[in-house]
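So the structure is just underneath, and the comments pick up after that.
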């Protein structure tokens, strides 16, 4: 049960009204949200501090130009309260970043919503953006995930925000266009809403509905994993998948978890003297140039897979169209499982590589 | 061309326990295959999984990590981290159908010369069964 | 550019002819190894493979339909730390060769033991198209080559207006523009000559006809070029337009990492140096009523131009890698044509030509002086 | 005094610890050890309680450091014969027994062992195995230089003068059969006695049948039997039968009444032994037959409780004199009085005796030589009626470790470091 | 500059020579020759011999080597030996690498060809690695010899006394308004009955009069920063927190001591339900203040029960000294009047010291009954218990004395956070290594003594204090600098993202966080060089000075050739 603000206008307007109130009363100093930046629907993330500019926000737009956790990192720790309207996986991404001291929850009030999935950038940024988006919202009134969203979204079980201060029901909400409900999950949120004149009721998520969605998502996940299942033995499969990688490392650059200034795999450790390469050639028929294509992928998995929140950003920017995020999601789940770790679930939880337990993996090492 | 297959096993061992154990195997004139090539680091926790990866992709048929028994680490807790990192890599290998049994982590104390030899032999045999690493052939890595 | 070359006629395809040529060289020990594109196991792309085993050469495709990794990058990874003992040859598209030359000037490539071979390039198909229907594209591209059609629509846009599809400072050049089942092997350098000599091939054929054919194609392409530049110009005219053009940009910097010329280990625009603190950002936001993310889109794009446009070879990799289809390459090409002109410099056209930013002439850029003068006089008026 | 020098008797952990601290502070240390190798008894254990960590891993680095330390003169096979003088200026005469192998030339290749015709029992290995007349106590012992047993070497004892097998086998001319004992005189400012203790001779207690019965072991024997670098390479098989024991009784407090004190560590290592066995032979039944359980450290109580009933059955018995170990077919039976006073009988195939720690036999000799007091047990006594002291009854002479009384490693180390404080005070 | 790498293969007599083809090895290493590398392959019969060392020392100079590879026995045997030789012939010892071709090749591989092959691999690995090694230099740092002692109990006093002298000042702080801690109440001391109460009094006098010891009563620690040899400490007055003292010292000794745990917290005791149930400490106080032990009524007890091990099972540790002092107390009663019947109830007698058993026998002789029990329940002044023989009994006593467990002094937890030393599962301070370093802590230069580390008697507490002073005296010598480990980690500012992962995994507190720059930094004085932090860093922001990834890769790749 949590306090819920009910407003009888459609969810976006409702939220907007609430935000305008907070901003104009200096309850908050700004709003970070997706916003429309031109008539043909292109969105970017904006940090808005003027009430009038709020009109432009598209809080629920099914697109992820950047994983917002990156942006939150750059504007935190904030000196004044800021409301950030982000997707569940972006929120989890940020939590993971905060654990790595790449940002702070200080003065950030997170608004998130039950997410129907994100459209690939190309799909969203197409000319008939309007049509596509309205279809999207039509579909997610029900419990089906639209077919044209990112593959990992179809397989995402964490469509309900984990740690949001305010949750809005979007996916599976048939009254989305008539009513708006803002669930105040935390003291911080409730405090904010104090000054806002509105009807407040006690309400909780419709579990039956959510379970139904979850069931479908689980099925989606099985389907996805079947598609990328390992059929061949050993390396070959992996090479089949990543063979076309052009080594642009775009995946790591857009990844909310990859936070390094200089990626280890771009460091001088991996520049080889030509004689080393020639020597390796003497043992092989051929040698790929530039080298370490597979090494990079495996290495990145090793560095952050257990924190992968499956946002799908990497897959979206991959020029070679490799199902990066599907693979990472799958592998990530297996590594996180080792430590019963759910990335982004709790800021207090320590990332597995930062701590140890004396009594674990007794089987290892013999 | 392929005569009898002698695996290449890179092994990173900690200076305090396993390396000493390896020496003890020598002093006791215990025999183990040439395949094992021990590289000495101060603590098994220095062994970045990336080294293991690298060795694997550069054609090592097996990779052996040796450290002090949990609780014995000369640096208090180092090998507990080694253990975690190793597990992460292992599970990655497993979920990708890469042969994780090419990787082995063993706790070998300074007095366990016998164990070092045993591990070296067992592991080499195992690798022989698995066969040469596919990374040797594949030119698209 | 040499005026004579050796002429070979062939029956079953130019690619085979080129492969045979290389194999011959390897047999004769002229090359110990070659770097060639090989189709990856999944068949959906190509990878650069360094090979010393002649049998592998047959798996390679010297004229691949796509350019997943710019060849210069491959050579860079091979020779950045100096030359080796092996004599290595590579066949690459002209823009890849030019990028290589540029990198050589920046000491990112060592050409000591490398023999650069190129050909009249019909262009490359964008990755996104090739990816899914690679097999059809293979067939299609084969026809393109055999019909030696240099103006196919299906190619990357940059290829459409690439006037340098043929002239390139390679050691050896396969010229076949306008020829049927024949190809000129043209030695442009001493290296090239010695190869032919070792093969006992006479480079006596006069090339004027072929050069004419090339020139004709060039005409068409330079026309396209002008048109394209005309299109581009307004889209980048002034900050507003620039912003509009790049509004989609998500700041993934794929363009930078796909670019053969961008050789920095740590891009300045990704470094901590260009970071702003949270509070500064919020202050800015408050001043302006709002700011958009990612920040510094224009900063990055223009900055990159200032760093790299002098060496841009218009290979179009950036555009291929852009996840939001911004015509980066066209813009870059447009801008660099201007910057390069100011120094009468053509990226990658000659190894001897130093990169303008590494040198200066005391009697150059006279325009500047005027600009400065005006500026000063402006200043004085205000007083 | 010009250069500050210290004599340290005994190279066990306490001795080595003190040596290193003092040497690092620039003092010259004469580390005198009667055996041919340093390290003391700690290295005899596979794992030490309570953390069950590998003793060799724990001690070996210290041994190496000691041997390589420029300020420490490690004097093995040495015995202090005479000490005169007083604090600040003791004159010490040390007898160095002939090793017959040059420590500078020998590189420890062991080539000299095989050719030696003589086999003798290896007392360092608790006589569980034989060694040659030229030997190192066990593989890995330091310094890694063999010695020759004078009474058994055929050349030296004259039984076969012409035998020079080892000399011929050595490629480094490291062996010199004419090597002689020598006397070394040093002058030191202070002396630390850390010669440790010995264990009660259980063969004198007929009730346990030790000696008549091969399946009865002393704790120390068991430590070596279990050690992976020991006689059986850690294989747990009984002598004679060479079978693995199916049931084991571990008897605590052996010799406690006779000695009139509790040794303080037996309960711990006895339970440790139970754990060892369980670990190696999970099917084995194990009983710890005890009187008082003495777990005098914050972590010891849990150590015992965690194994109670899980790995071993702890049985209280009410009277030591009623406890008897008797032959029973191929096995043994342990008869004891239960807490209720009832006669009980346990059938096992192995018995381990936790024998009391007793004063070293040279304690008396040394105490007289230096003129310091022993307590009524025969351990070295620290200042009379002085709480918390490590100084003997004579100024400038300090006692550390089990030479002062039974104790665990950590208390020994603490004492050793405490003696260092005393020594440094003298040099201030 | 051209690298000139000497590769010296030691034949170790026949040990290596007879097991592999040395010349083949020397031949093969030449393959490393190139325009910027020259290999000097040399064999020698026995490099560790006197002549061998001399030869090597001179040859390094003669050949003007820039790097050195020695293929011989295990580094454990002679690494130090050869490093010293490098020093002698002014080659930086970190430009040298030792390859173990005896223990790990010659002695384990019977086949000569194979052995040779493997040796070559090893040596090649070493050669390509050594080229990537860099010079390292010891950097000495100044150290303050003075010491801060926290806690004015007997452990603290003993620490101060054994350390203080003209050259080494000691600052002793005590929370309360007087010195001596619990021990001031003891009428007599263990282990020996001879030592009288004024033993403590004398010590207190001694410490108060020592001009090299500065005592601050009612003072506590506010902040401490630094490491062995260099701590900056802020002290403050307990009552007036703004009243601060700042001092610089070289080491800190924690001697915060113990308190008896409150018996009411244990299930089998109803403490204070009857006025006649006392804790051992209350009896000590009563005895040393009144000189007599009397009931609240003022009359002398006729029957007294002493109950050991109260709450031992709950606390899960044995307090080590209770058995002893309970007998001491039993004797108090007997001294007072032979008539008093004294029964001691115990589960196990813990008599770890050589004199304890005698005390037990004497106490028995003194007419004290000892009853071994399985279980006990104290109801008011009635005791229900189950004997070892299984029988349940019930008896009333005039007076009952219980021995509750020793527990850490209140405020220990708080202090542990200020001084950043972890506590163990029982709430005592956690020593760095129980067996080999019981007085050290995770932070080099901070020591724990006495009951702050765990239950123990006065004697052992004082020994601990002396042990620590032994360490400090030998590590912080007035006027001398200290030399920290050379093979440490270092952090590359430009690449560090300040995620603090390295900080978390380092168990020596050797990594600290630079709040201003938002990056982690290595305190080389504390770094032990294990390299854990490096493996923990996903970026290339940390490198090990002597085990760089580059070096290891070079070795790996070379070996896999």
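A, B, C, D and E are the chain letters, set down in written order, and residue numbers restart from 1 in every chain.
Basically, contacts are C-beta pairs under 8 Å (C-beta built on N, C-alpha and C of every residue); 3 or more make two chains touch, one makes a residue touch a chain.
Remember, predicted model here, so these are calculated numbers, not experimental data.
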Next item on the list: Trace the shortest sequence of touching chains from chain B to chain E and report its length in steps.
Entry: 1
Check: From the centre of chain A, which chain's CA centre is farthest?
Finding: D
Margin query: Need the most distant chain from chain E, centre defined as the mean of C-alpha atoms.
Written below: C
Notebook entry, point to check: When the mean CA coordinate of each chain is compared with the mean CA coordinate of the whole protein, which chain is closest?
Noted result: B
Item checked: Pair joined by the larger number of C-beta contacts - D-E, B-D -> D-E
Check: So what's the Cα centroid distance for chain A and chain C, whole Å?
Finding: 36
Next item on the list: Let me have the rounded angstrom distance from the C-alpha centre of chain A over to the C-alpha centre of chain E, please.
Entry: 46
Check: Just how far, in Å, is the C-alpha centre of chain E from the one of chain C?
Finding: 64
Note to self: Give me the residue numbers in chain A that touch at least two other chains, ranges are fine.
What the structure shows: 236, 239, 243, 261-262, 264, 267-268, 272, 275, 280, 283, 285-288, 291, 293, 353
Checklist line | Multi-partner residues of chain D (each touching 2 or more other chains) | finding: 51, 53, 58, 108, 144
Note to self: For chain E, give me the residues that contact two or more of the other chains.
What the structure shows: 76, 494, 505, 536, 549, 553, 557
Next item on the list: Could you pull out which chain C residues touch chain B in their complex?
Entry: 38, 40-41, 47, 49, 51, 56
Check: In the complex formed with chain B, which residues of chain E make contact?
Finding: 74-76, 100, 102-104, 106-110, 114-115, 117-118, 121-122, 125, 432-433, 442, 487, 505, 507-508, 528-532, 534-536, 544, 547, 549, 552-553, 555-557, 559-560
Next item on the list: Sort out for me which residues of chain B touch chain A in the complex.
Entry: 49-50, 53-54, 57-59, 67, 69-71, 77, 80-81, 83-89, 91-92, 94-99, 105-107, 134-141
Note to self: If we count contacts the way the header does, which residues on chain A are in touch with chain B in the complex?
What the structure shows: 230, 232-239, 243, 264, 280, 283-288, 291-295, 298-299, 301-302, 305-306, 327, 330-331, 334-335, 337-339, 352-353, 356-358, 360-361, 364-366
Next item on the list: Could you pull out which chain B residues touch chain C in their complex?
Entry: 139-140
